[in-house]
Amino acid sequence: MHNRFALLVAFAVLAAAPWLGAYPVFLMKLMCFALFATSLNLLLGYVGLLSFGHAAFFGVAAYVAGSALRDRGLPPEVALLVGAGVGAALGFVMGLLAIRRKGIYFAMVTLALAQMIYFFCVQVPFTGGEDGMQGVPRGRLFGALSLDDDLTLYYVVLAVSAVAFAFIGRVIDSPFGRILGALKENEARTVSLGYDVDRLKLLAFVISAACAGLAGAMKTLVLGFATLSDVHWTMSGTVILMTLLGGLGTRYGPAVGAVIVVGLETKLASFGTWLGEVTHIAWFQGLGESVSIVTGVMFVACVLLFRRGIVGEIARLRERRVQTPEHLTGRMMQNDAA
Amino acid sequence: AEISDGVVKIGVLTDMSSIFSDIGGKGSLVAAQMAVDDFGGKVLGAPIKVMSADHQNKTDVAATVAREWFDNQQVDMVQDMLPSSVALAVSNVAKEKHRIAIASGAGTTKLSNEACSPYTIQYSYDTYALTTSLVKAMARAGDNSWYFLTVDYALGASLKNDSAAALNAAGGEVLGELKHPMHAADLSSNLLQAQASHAKVIGLANAGAGTVNAIKTAREFGINAPGKQKIAGLQMFISDVHSLGLKSAQGMMLTTPFYWDRDDASRAWSQRFYAKTGRMPTFIQAGVHSSTLHYLNAVQASGTDSSDAVLAQMRKTPVNDFFATNGVIRADGLMVHDMYIAEVKSPEQSKKPWDYYTIKQTISAQDAYAPLSARHCPLVAGKVVAGK
Amino acid sequence: MEIFGMPLQAVSGQLVLGLMNGCFYAVLSLGLSLIFGLLNVINFTHGAFFMLGALFAWMGTNYFGLDYWLMLVIAPLAVGAVGVLVERSMLRRLYKLDHLYGLLLTLGVTLILEGLSRSVYGVSGLSYAAPDSLTGVLDLGFMMLPAYRAWVVVGSLAVCGAAWWAIERTQLGALLRAATENPRLVAAFGVDVPRMVSLNYGFGVAIAAFAGVLAAPVMQVSPLMGQSLIITVFAIVVIGGMGSIAGSVLTSLALGVLESLTKLFYPEASATVVFAVMALVLLVRPAGLFGQSK
Amino acid sequence: MTHADMILESKGLTRQFNGFTAVNGIDLRVRRGTIHALIGPNGAGKTTCFNLLTKFLTPTSGHIFFDGREITRAEPAAIARRGVIRSFQISAVFPHLTPVENVAIALQRPLGVSFSFWKSDAVLERLRERALELLDEVGLGAYADVKTVELSYGHKRALEIATTLAMDPVLMLLDEPTQGMGHEDVDRVTALIRKVSDGRTILMVEHNMKMVSSIADTITVLQRGEILAEGDYASVSANPLVKEAYMGTEDESLAH
Amino acid sequence: MNRLHIEAPYETGNDAVACEDALHVTGLEAWYGESHILHGVDLRAARGEVVTLLGRNGSGRSTTLKAIMGLTDTRRGSIRIDGRETIGMEPQGVARLGVGYCPEERGIFAGLSCEENLMLPPRLPDARGSPMSLEEIYAMFPNLAERRASQGTRLSGGEQQMLAIARILRTGANMLLLDEISEGLAPVIVQTLARVIRLLKARAFTILLVEQNFRFAAPLADRFYVMEHGRIVDAFESARLAEKKATLQALLNI
């Protein structure tokens, strides 16, 4: 299967990371966004549906989980499940509407619906409007284990993410995943083969939304608040960038993308100062204020220069070295056949 | 001296790339740096380092940076923290890590009420002071019937509610309210209705682009032509007036905790700021400077940079400088100081660049801010003092 | 005289204002459809070009003292040129690919343009005065209509009309529509398609800029002025369907009016009404009001 | 009431396109287990008729019966699941999958695991073998693992037929199955169709008279949306009306 | 390298002759993305000649036409049209030299009505051939006249095929590249087409035919090229058709 070994290594490294001086809260945030991006990739990379409204699932789940923990005093595991559930439910409704349009319209519909949800979140009281939902406690796992200690929470989050990733991987390899691939290729044909395309799409959408919701809920649990920026369309944009940067339709690309983008958001300023110091180019000093520009440049670069994304490109270089046998033999056979 | 890890680190956490970058942003960083330089760059023999981060108006980025600063960089004090969402989130982190958070940028009254923290100081202003001072002053002057244009989120609500309460207290009446969504590009419709209400004052319970657009449109429709209705900005920064231009903004009333041209001290500092940035300071940027100095003095005086001692010292010492007069940090963490009612000059009255306000009257700290008794800050109830 | 307890002045005023916003929507969605048709790209940058139009107008007037009317011509041309540049240098390479890359590229360009203008002009925006000839207020008896807004309506409708005629009624239009489907083949008929494509994109963004200039005196000229607008326009495009020009223009006007009436009767919903309508349309007429389902 | 030995029947099948009547009250009867060919001049309404029978178009009026049950209102996918499978006039394949995968997708549906996203794809392994058989049948065995885009037009059509077969249809509707094929392929496909026709019913549109004559049991000639003639090849080709309308006056050699 | 020897008068690379040729292709190679399809195709057609490309499915005939038009992703070699080298030209450039192309998949535009489709290709500035008038065309294909208002792709398969051919007859092109034009047409129409081609030939059109339908092509062509694996493996004049029957049998089993 898909290099299990590499996965185990990665998992081991993550498990050890806090002891190697990595900063747990930051790592947890990374995992949340990695999961978020991967959930989008399930849709974008494997079904070819560009959802420009994934922030809605992420953000709303973040709020609901938050209020579950803070106002209802529910235990974290429940809050996470609720988050995923809310994501799924919202995904079902948005999906029902969105799958009625194909291609690029799909992206616009999801974007618009998400914007609607954003305005909703701005106005309803329980989100705390632009002040955000603050001071969410981490609670006790199964009512017993307190998660206030960063390390404890870290391993919980790690476990949850691992399971979620395994799940998504399985979906991709399942018979269902196969048909999604075909669907991506030629919808009309899939219909004529007797498949109920809309239900297939909807299911994929719901699964993806549920994972996005889980990611959102987990983020609230980690950081202790949920705010409008989680629901805003720029968040959808960011997660698309993560997926694209890492590699559409690659298994682990989105996670890689997430690490880079989140790292960038938090570290760009210091990175800029550093660049400024080493290169003595004053401009870099101001890099911190240009995150949006830098993000834009990354989008452009990804689309124009390496569309396969980081992981995708690496994979291709590998193939290049081991020039794909089928390709060649394919040609030869053709000649024999003719 | 008692300086942990031999350096005092001040982190300016602000929005440099999004909608708040004009009122805080780079300006706040400059202001903080100026304070450090004015102080001599060293305290108790230890160097003072100013760090900064742009949270792009994303709370999660802000909180992660703050945590990272406290845990890995030993930052002693976080500064600015606008907007409210960031202030509230970072305030929680600071409380957890026992470090000082000076919210010079945030105006939400929550910060010194439900959400108050022994480690957080709300320094420049709060929305209550901005609105009530203005409403009371205008009502006394006879402008006692108001119609509100309220932006449909928390800020709008609190601006509107505070002023409505103040208005009723002053015997005035609210003729109506109209909510509008954030990013409403065009408020003309709302203004037309406000006009139709024949209220004496149209109160703008919104901020930034919303306020600016409303004022423009009002001018366009001649709603606030002399002798007609007045427009009151419940939260206006000098940067807003600057971008509007006096032609549109003239004649409107507002409250400000600081005006660069108020006295020699403020003028002197502001001109130095202007020389560095090409803009006159907003009251947030001025607040950053003032509070940073106040902090450093407290460190100096208490001979340590341990949060609790420094905070105690800061509370003990009243603030009287180019920024604040009669300033006191209360138990709820709010720094109360005098406020000023200003009217925006007409192009003719304006003699020099950034010559925008005429200060109409001064509201004393006591009248401007809500009394401690009216606060729901746990710290006040039990009169808990930081750290004890 | 009242309607549903609303002063007639307010209601009729509302209608006209809705019409005006509708016009901005119309010009923008028209440009979007044009570009999408030929380039298969949903031009996210449209909002940024709208902003750029306004910004250029401001610059022209404040730096070179050129007057509004001049800028109404120059700004669109300038933005159009920028557009052609963008198309030649970047978009051109994406035509063989899936739509989504175009959307993402233009999103990137948007962030860059908005970021740059933000770092130069800040976010609180600049004010741009309407030409003196249009500053007056027309007293229509039942309402006061600022002359400028009347002009906005006339001006933008004129542009839409012209565009419609050019595309539906001329041989060039036919070539455009054909190239929309199969550019390679049209090229094989001896038509210089690449040039046609650049010009088409240039034109599309130029009219966005035109709308921007029209908007400058009404809204504050700020780097983010196009951002929230564009998403609404997307919703409108979904509602109308990008099939027919007349369709998208009508939809835009209707929704502009609907939106501002909501401001009057149920302000809380005014931000979401357009999206709600979109949801509704998707339910009852998935292809969009004027779109032919493909 | 419909005849038991008729697998597919249409009654007064009519379709108009804004005013223009493409198919006009056709009563078609396809006998179970036969190969039935629809011929007729271009624009006679053959494809439309097809689209009506496979629900890709809804009739303006008239009824369709499959196996005695009325299917006039059924969904396309539903019809497909009942075993009425069509192939397209313009070839339809999954371009970036290999031919095997193409066929496998079709083979997968009957397994009923299409929605089980929790199962492993191991359950699909056994499909490959069957897929290869089918590809061999249409002579694509050698191309099993090439990307489908790279196949030539003719090969794509062959693949499409293989996919159609994979769904092991009760009734196959083939729209010009040999279009774009070299003669050798034509013969192979003709043989193939004859081979798969036992136990199945086949309704096809075809312009290649050589082929039609060689395998069709019944031929229905359409013209201007109406049935012009019906019967076996001999009787139909003898029919002067048909000669004039379709085959042309010159010697028929030009028609392949 | 199974490259047959090609007969004397059509020996390639003889420029003296080449100049008179309307079309002269030497060593043409073409790629679709990564895959190399044409491996050095040589062919030529004199003004007023009808030349037919025979070959199995996938032998590269359509690709040859596409390559001549400049529609393949990459191409190499030399293509001279009326003596002008066009290998570096964009499709539109080639078309303006008076080349009309009728693609295998017909390429009818859904967004245009039947008549708009027909009127779409701009008339060449300097019409070399004799453009057909709309009347002539409608007379030739009555279906089109009848369906002129209907949307392009709503036409029947055959009608679309007619439209695709008719479209390039009114541009004033005098060199036609026709890919499988008899495909999906009723015998009657096929006969009409045969007549049309003879007529065009008489008007000194140069025509390159790609055909599966040998019986259709045979009586029309002056010369035949046989392709395999992206190479010309045989070339002969119609006169020698009879003696070639056997080879063709083997090759294409006709």
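All chains are identified by letter, namely A, B, C, D and E, in their written order; residue positions are counted from 1 within each chain.
Just so it is clear, contacts are C-beta pairs under 8 Å (C-beta built on N, C-alpha and C of every residue); 3 or more make two chains touch, one makes a residue touch a chain.
Chain-to-protein mapping (UniProt): A = Amino acid/amide ABC transporter membrane protein 2, HAAT family; C = Amino acid/amide ABC transporter membrane protein 1, HAAT family; D = Amino acid/amide ABC transporter ATP-binding protein 1, HAAT family; E = Branched-chain amino acid transport system ATP-binding protein.
Everything quoted here is computed from the prediction, not taken from an experiment.
Trainee: Give me the step distance from subunit D to subunit E, shortest route via touching chains only.
Mentor: Minimum step count, subunit D to subunit E: 1.
Trainee: State the chain with the largest centre-to-centre distance from subunit E, centres being mean CA positions.
Mentor: Most distant chain from subunit E: B.
Trainee: For subunit A versus subunit C, what separation do you get between their C-alpha means, in angstrom?
Mentor: 32
Trainee: Can you compute the centre-to-centre distance for subunit C and subunit D, using the mean CA position of each chain? Integer Å is fine.
Mentor: Those two chain centres are 48 Å apart.
Trainee: Approximately how many whole Å separate the CA-defined centres of subunit C and subunit E?
Mentor: Computed value for the inter-centroid distance: 45 Å.
Trainee: List the centre-to-centre spacing of subunit B and subunit D in whole Å, with centres computed as mean CA coordinates.
Mentor: Their C-alpha centroids are separated by 75 Å.
Trainee: At which residue positions does subunit C touch at least two other chains?
Mentor: Only 115, 118, 268, 271 qualify.
Trainee: Give the residues of subunit B that touch two or more other chains, as numbers and ranges in rising order.
Mentor: Residues 17-18, 21, 152, 181-182 of subunit B touch two or more partner chains.
Trainee: Please output the residue numbers of subunit D that touch at least 2 other chains, ranges allowed.
Mentor: 150
Trainee: Using the touch rule from the top, collect the residues of subunit A that touch subunit C in their complex.
Mentor: 44, 48, 50, 52, 97-98, 100-105, 107-109, 111-113, 115-116, 119-120, 123, 233, 237, 240, 244, 286, 289-290, 292-293, 295-300, 302-304, 307
Trainee: What residues of subunit A sit close enough to touch subunit B in their complex?
Mentor: 23, 25-26, 29, 119, 122-123, 128-132, 134-135, 219, 223-225, 227-230, 265-266, 268-270, 288-292
Trainee: What residues of subunit A sit close enough to touch subunit D in their complex?
Mentor: The contact residues of subunit A facing subunit D are 170-171, 173-179, 181-182, 185-186, 188-196, 199-200, 203, 207, 326, 329-331, 333-334, 336-337.
Trainee: Given the complex with subunit A, which residues does subunit C contribute to the contact?
Mentor: Listed in rising order, the residues of subunit C that touch subunit A are 36, 40, 42, 90, 93-94, 97-101, 103-105, 107-116, 118-119, 231-232, 234-235, 237-238, 268, 271-272, 274-276, 278-279, 282-283, 286, 294.
Trainee: Can you tell me which positions in subunit D touch subunit E when the two form their complex?
Mentor: Answer in residue numbers: 17, 20, 40-44, 46-48, 89-90, 150-155, 176, 179-185, 187, 207, 209, 245-248, 250, 252-256.
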